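Heads up, there are several structures right after this.
Heads up, the next two complexes both have chain A, just with different partners, chain B and then chain C.
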Partner chain A sequence: MEFFVAQILTGLANASSLFLVACGLSLIFGVTRIVNFAHGSLYMIGAYTGYSLMQVLPGAVGFWGAIVVAGLVVGLVGLLIEILVLRPVYRAPELFQLVATFGVILVIQDLALMIWGPEDLLGPRAPGLRGVVRIMGEPIPKYDIALLIITPFVAVALWYLITKTRLGVLVRAATQDREMVGALGVNQSWLFTGVFALGSALAGLGGALQLPKGGADLLMDFNILAPVFVVVVIGGMGSLPGAYLAAIIISVLNVFGVSYLPQSTLVLMFVVMIVVLMIRPYGLFGREEVAGEHGQVGEPERPIKPASNTVRMVVAAGLLVLALLPLYGSHFSLVLITDVLIFCLFAASLHFLLGTGGLVSFGHAAYYGGGAYVAALLVTHVDSQMELAFLLAPFGAGLAALSIGWVCLRLTGVYFAMLTLAFAQLIWSLVFQWGDFTGGDDGLVNIWPAQWLKDTTVYFYFTLVIATSGILILRHVAHSPFGYALRAARDSERQAEATGIDTRKVRLLAFGFAGFMGGLAGALFVFSKGSVFPNELEIARSFDALIVVFLGGVKTLAGGVVGAGFFKGIEELLIRFEYWRLLMGLLIIFVVIAAPDGVVGSLRKGMERVGLRRVEDQ
Partner chain B sequence: MKRKTFLKSLLGVGILATLPLAKVAHAEDPIIIGEINHYKRLAAFAEPYKKGIELRLKEVNAAGGVLGRPLEFVFRDDQGKPGEAVKIAEELMTSEGAVMLTGTILSNVGLAISSYAGEKGYVYLASEPLADALVWSAGNPYTFRLRASTHMQASMLAEAAAKTDAVKYATIAPNYAYGKDAVAAFKAALTKLRPDVEFVTEQWPALFKIDAGAEVQALERAKPDAIYNVTFGPDLAKFVREGTDRGLFDGRNVYGLLSGEPEYIDPLGDEAPEGWTVTGYPWYDLETGAEGEFVTAYQAEYSDHPRIGSLVGYMTVQSIVAALERAGSTETEAIRAAFEDLQVATPMGDITYRSIDNQSTAGAYVGTTTVSDGRGMMVDWVYKDGADYLPSDEEVRALRPAE
Partner chain C sequence: MLEVGNINSFYGKAHVLRDLSFDVPKGAVVALLGRNGAGKSTTMKSVMQIVRTASGLVRFEGQEISNLPPHKIAKLGIGYVPEDRRVFSDLTVVENLIVGFQPPREGSVTWTQDILFDLFPNLAERRNNRGKALSGGEQQMLTIARTLMGNPSLVLLDEPSEGVAPVIVEQMAQVITQLKSEGLTVLLSEQNLHFARAVADHAVIIESGARVYYGTLAELNANPDIRDAYLAA
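For the complex of A and B:
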């Protein structure tokens, strides 16, 4: 009994920071519909700023003052981010802002490294709160008790702000219907800025408050991200009481998990999220997304049409240039282009899902890495021929995609995206944990191609043929009747159903097909590197693809491939600089602002404007 | 039209890639070594390592270089991603004109490079990764490893643990391969010495995501006599703070793998744990002989004290120089052959790269932690030679299936 009480108290204390960060994120999403991936970075800045302030401000007043000031400073940072980065892109396609926030993450990572250096900083103790109090004989750190008191206080203050003040009324109104709030004469842009700053300040507060229980380090931005998103999704996006309850559920369950299932620490929260979303598809306190509420922002998508003869000629010529690369390029250029081609195929498969299918998957790496692992496992465990392993890999990935898609397609929008992410995490942790079979994070090594493919030049041609065919097939399918049905389901589910299209089946098949193609890219990858590790299944890998697809242009057929080629190439150049993440982040932000239709979409528009290209859909 | 832009960008990448065409080596050109590391991802570890390399490079080149040519390292960042590291390895060897590869801290990245090096026939000196697999189950003739491995360091701590009366042990380790290897090695070594010991609980926090309060409660609940700790970095700081507050370490023996290394113990400041038996690097006590000279030279160069990584970086260059001189050429096969049974005089003493498994006999410092002058230090430490903590030759042969 004593032990249970002590554990619950520990869980509640842990919930404190998590709740502060999560409610900020939830608030921002509720009002602005921005999925703010930079929220972890704001939390990190809060921790670092709090640490620096505590070094100069003396005593207990200085300590608590530093936490409050850190919150204010981060609020200010949030204000700047909103005005400089996000305001210009509110009219861009759905979720495009997510890419901008990803650029912000990269910039903040390098800035934090420049300002605070690489060493982990151990957080200062709260003055007067060192040591423990005994509750029923169990030691509980005094600072935990302080957190237990502070969190409900902040939660009540927020509740008051949201339910009892004019600002709160506006925030709630905007969460329900943004356009109506605008139509009633409320200045939306300042409302958005204010809410973003408030959410940021809460993240900063969370970062500074956890200092006495940990410290500040450069990995904390990504480390907090997954739990915070899980909390927000379980609670229901936009719901503060939901975030509070979910933070407590996750933290307390985690404490019990540590005691009774020590190996569960990697997956527990994702399992909880999947279970909750199965029972309540919009989280505990979330509301169903009203159709059209935040559907397609910006101009409607243009109809696609087959490439003209000129384009086909150019493509053929371009492929010829690539095919002749071994004659004029260096040995390493072959390795590099092989990598780029594989990434292009991976991005194209995601683009098919995103662009043609309108299904935003946050976990596409599951199929890319999945394909790589299927091949590697076959080679390692049954000593399979390389050719056979290569052929079976996409089928394995496709099968995984079909089964995951079957579950996830019950949901839509952001919840769908988060569920795909949760499943990708499940697969990742399975591979990571099951060391005897998958090699754990030491991966599977010595996965080399068959004798006839060993040569770098031959493998380059092999990749060129497979990747190009894959991309062409993806494009062809978009033009096929199946592609039409898929686009119909995307643009208007009800009308598509009325014309007799089984939208669920069509989407499921598309999901499986995209997974199949992702798996093909993964198979190409594993035999080019000779090894595979769980990081090919990570969230970060999914986001690599997601970002280039958005930057290339979701609403254009070539967006995925162009984005992949373009940004992979630039990364290869930038990575040679010390602060390349800063440059890459700034570049991403620049592209997001300058080319809200993506690289391809904006180029097309630009050419139409200067008359180089006919306006096609008039 | 969209396709045209696609092709243009692909073509652009292609042209860019051809720019750094392979350089042809002349006698006066520097000998280039390719160094791959996680300079951003693990900056706190990689920076001191790089400084150690640069210090030794400066000394070597001031003394006339190697084989009459200057020695040069090309440092590249792999972001901690194995796939990226493999690509960089290829670029270094074919475009940058490197004669061999070295680097990495993370074991999985080391394994990826090792596998690639074995396939392509490049010599790779794995300087810092600790995974046993690197020289054993996944070993190959082209991969050599400098540092004392997980098995060796865990065996040193197990030896110390076996001398106490403790029978009930608890372990806490990050939930990934290094943590699992470290626990398995400690359990095996300790059980061999003391068959009566019992492991009452194993805790596996996710790497860098420890829930320290809960872990401490779970360990306390098992009422162990002794605790074996493998957590490090921010996890260690949180674990130590919660554990000290809640009295977990009172009256218990604690063994900490690598916990005494400056990279791990320095950030803890005056809250460093006291009385733990750890492997580490007591640079503050090293004043005489080769070990002392290195510390003095490092402090003079950087006005900062060396970390264990600094020493490893320094020894990496020493090993490579010794191998090149013994090989008398920069041909891969000659370098590979030279590494076998290569003897190198280092600040840690003389080490040998065993031809049986390509593991060096570099050892580790084992001591007890204490806090003085506001920081954690090791006292009563001894240097343990790595050669004494490696399995017998028959066992090693069985561990290397490839040969």
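For the complex of A and C:
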């Protein structure tokens, strides 16, 4: 019993910063409709800033002052991000803004590295709260007690702000119908900026507040992201009480998990999320998401057409140049282009889901990494031949996608995206924590291709053929009757249903098919590297693909491949510099602002404008 | 008070308003008439710049406003009541009014919650109910009351009689008459000619986004062939 109480108290204390970060994200999403990937980065800046301030400011006043100032500083950073990066892209197609926030992640990672260096920083203890108190005989750190007391105050203050003040009323009104709020004389831009700054400040506060328990390091931005998304989704997007309750559930569960099921702490969180969403699809306190209720942005989709002869010739020429690469390229360039080709196939499979299917998945790495792991596990555990493992990998990934898709497709929009993320994380944590079977963090090694493919040049040709075929098949399917049905379901679900299309089935098949192709890319990957590690299943890997698909252009068929080729190429060039993330992040932000239709879409528009390309009649 | 000169508006590539011009004199009630799809709502949205005009002039009290964002136009004193009401359904009646609040404006009537609750007694009874719990008629009243909280000098009423019970339509007519007597200028769009006759002084008839008639309602009544040519019923 005593132990139980102590566990719960620790869980509640841990919930404190998770809640702050999560409700910031929830607020920002509610009003601006932006899924702020950079929220973890703001949390990280809060921790680092708080650390630095605590070094200078003395005593207890200094400690608590540092936390408050860290929150304010991060609020200011959020203000700048909103004005400089997000304002120019509010009119871009939905979800495109999240690419910009991904650019911000990269920039902040390198800035933090420049300012605070690569070493993990140990958070200072809170003055006057160093020891423990005994509650029912169990030691509880004094700082935990302090957090327990502070959090409800912050929560109530926020609740008051949102429910009782005019600002809060405006925020809630804007969550429902931004355009109408503007028509009633409220300047939405400043409302957005204000909310973004407030949400950021909360993330910063959360980062600084956890210093005595955690510290500051360069991985904390991505590490907090998954739990925060989980909390926001379980609680219900935009609900403060929901975020509070969910943060407590997750933290308490985690504390018990550490004591009783140490191997499954990570898995547990995602299992809870999946169970909650199966019972309450919009979270504990969320309400149904009505997409594009008012103020739908962006132009209507253009109809897709078979490639023109010019495009065919350009592609054929490009393939010829690639096929001749072994004649003039170095060994390194072969390896590099093999990587790029694999990534293109991976991105194309996600693009199929996003562009043709209109299904935004945040967890596509599950099928890419999944395919790689299926092959690697077959080779490791049953000593399978490479060819067989290679063949089975995409089927394994496709099956996984079918079963995950079956659950996720009950939801739509952001909730769908979040659920795919949760499943991807579930798979990642399974692989990460089930060391005996999957090798855990050490990965699986010695996964080499068959004898006839051992040579780099041969494997390069192998990849060229498989990846190109895969991409062409994906493209072909978009033009097939199945692709028509899928696009019909994307553009108007009701209309499609009324025409007799089983939209759920069509989407499920598309999800499985995209997973299959992702798995194929993963299989190519694992045999080219000879090993696979859990990071191929990570959020960051899913985001990589998501980013290039958006940057390439969701609404253009070639977008995924062009984006992948273009950005992977640039990344390979930039990676030689020490601060390549900074450059890459700035480049991404620049492309988002300068080319809101993606590289391909904007090129096409540019060519139409100067008359190189005929404007399509509609 | 409001001058609309040769405006053109588009939805994507669809040309909705074609060189549309009309004036709304100060203190008048002008009815914008036309069939379904003629472009009445688009005219309203174009005045507010919710739909941006591609060309032409929109002047309010002599000031060009077609280059301003909607919130600035609202701040100048134009109140917009949308056709589909767009009540904030998760907010209470009082909170809906708070969203509409703007500081008092010189030269126009100042509305307060109390005055509005006197004008719309049904809303007063439901002040703490959420928008989604209201009936269609109550929502219609709320959306007008919400706009009046901004103390506008010109009110754009988009189809106030659409989809509400006859008794509410009557109440709407009374409200509009009262607004007029308070010195407000009203531009209302209507399909219901009887309703327009009861409240309006001037009429603009549009057809396929272009103006086909502009004059007083008395003249329109004297020309039944115009009415029959462009208006249903």
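As a convention for this text, the second predicted complex is superposed on the first by the 612 of 618 C-alpha atoms of A that agree within 3 Å, B and C clash if a C-alpha of one lies under 4 Å from a C-alpha of the other, contacts with A are read in each partner's own complex, and residues count from 1 in each chain.
Operating definition for what follows: contacts are C-beta pairs under 8 Å (C-beta built on N, C-alpha and C of every residue); 3 or more make two chains touch, one makes a residue touch a chain.
Owing to the predicted nature of the structure, the values given are computational and were not obtained by experimental measurement.
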| item | value |
| --- | --- |
| First, second, both or neither for A:492, with chain B first and chain C second | neither |
| Chain B versus chain C as contact partner of A:52, first or second or both or neither | neither |
| First, second, both or neither for A:215, with chain B first and chain C second | first |
| Partner chain(s) touched by A:599 [first = chain B, second = chain C, both, neither] | first |
| Chain B versus chain C as contact partner of A:258, first or second or both or neither | first |
| Contacts of A:432 with chain B and chain C, given as first, second, both or neither | first |
| Touched partner set for A:180, first chain B, second chain C, both or neither | second |
| Partner chain in contact with A:315 - chain B first, chain C second, else both or neither | first |
| Common interface residues of chain A - those touching chain B in one complex and chain C in the other | none |
| Complex contact set, residues of chain B against chain A | 1-14, 16-18, 20-22, 40, 43-44, 47, 77, 79-83, 86-87, 90-91, 94-95, 107-108, 111-112, 114-116, 118-119, 131, 133, 138, 175-177, 180, 201-206, 208-209, 211-215, 217-218, 221, 233-234, 237-238, 241-242, 245-247, 266-269, 271 |
| Of all residues in chain A, those that touch chain C in their complex | 166, 169-170, 172-173, 175-177, 179-188, 287, 294, 299-300, 618 |
| Contact set on chain C toward chain A in their complex | 12-13, 48, 50, 69-72, 74-75, 80, 82, 86, 88-91, 95-96, 98-102, 146-147, 150 |
| Partner chain B, residues of chain A touching it in the complex | 3, 6-7, 10-11, 13-14, 113, 118-122, 130-132, 139, 141, 144, 213-215, 217-220, 223, 254-255, 258-259, 262-263, 265-266, 307, 311, 314-315, 317-319, 321-322, 325, 328-333, 335-337, 339-340, 344, 432-433, 435, 440-443, 445-446, 448, 525, 529-531, 533, 535-536, 556-559, 561-562, 565-566, 568-569, 572-573, 575, 580-581, 599-600, 603-604, 607, 613 |
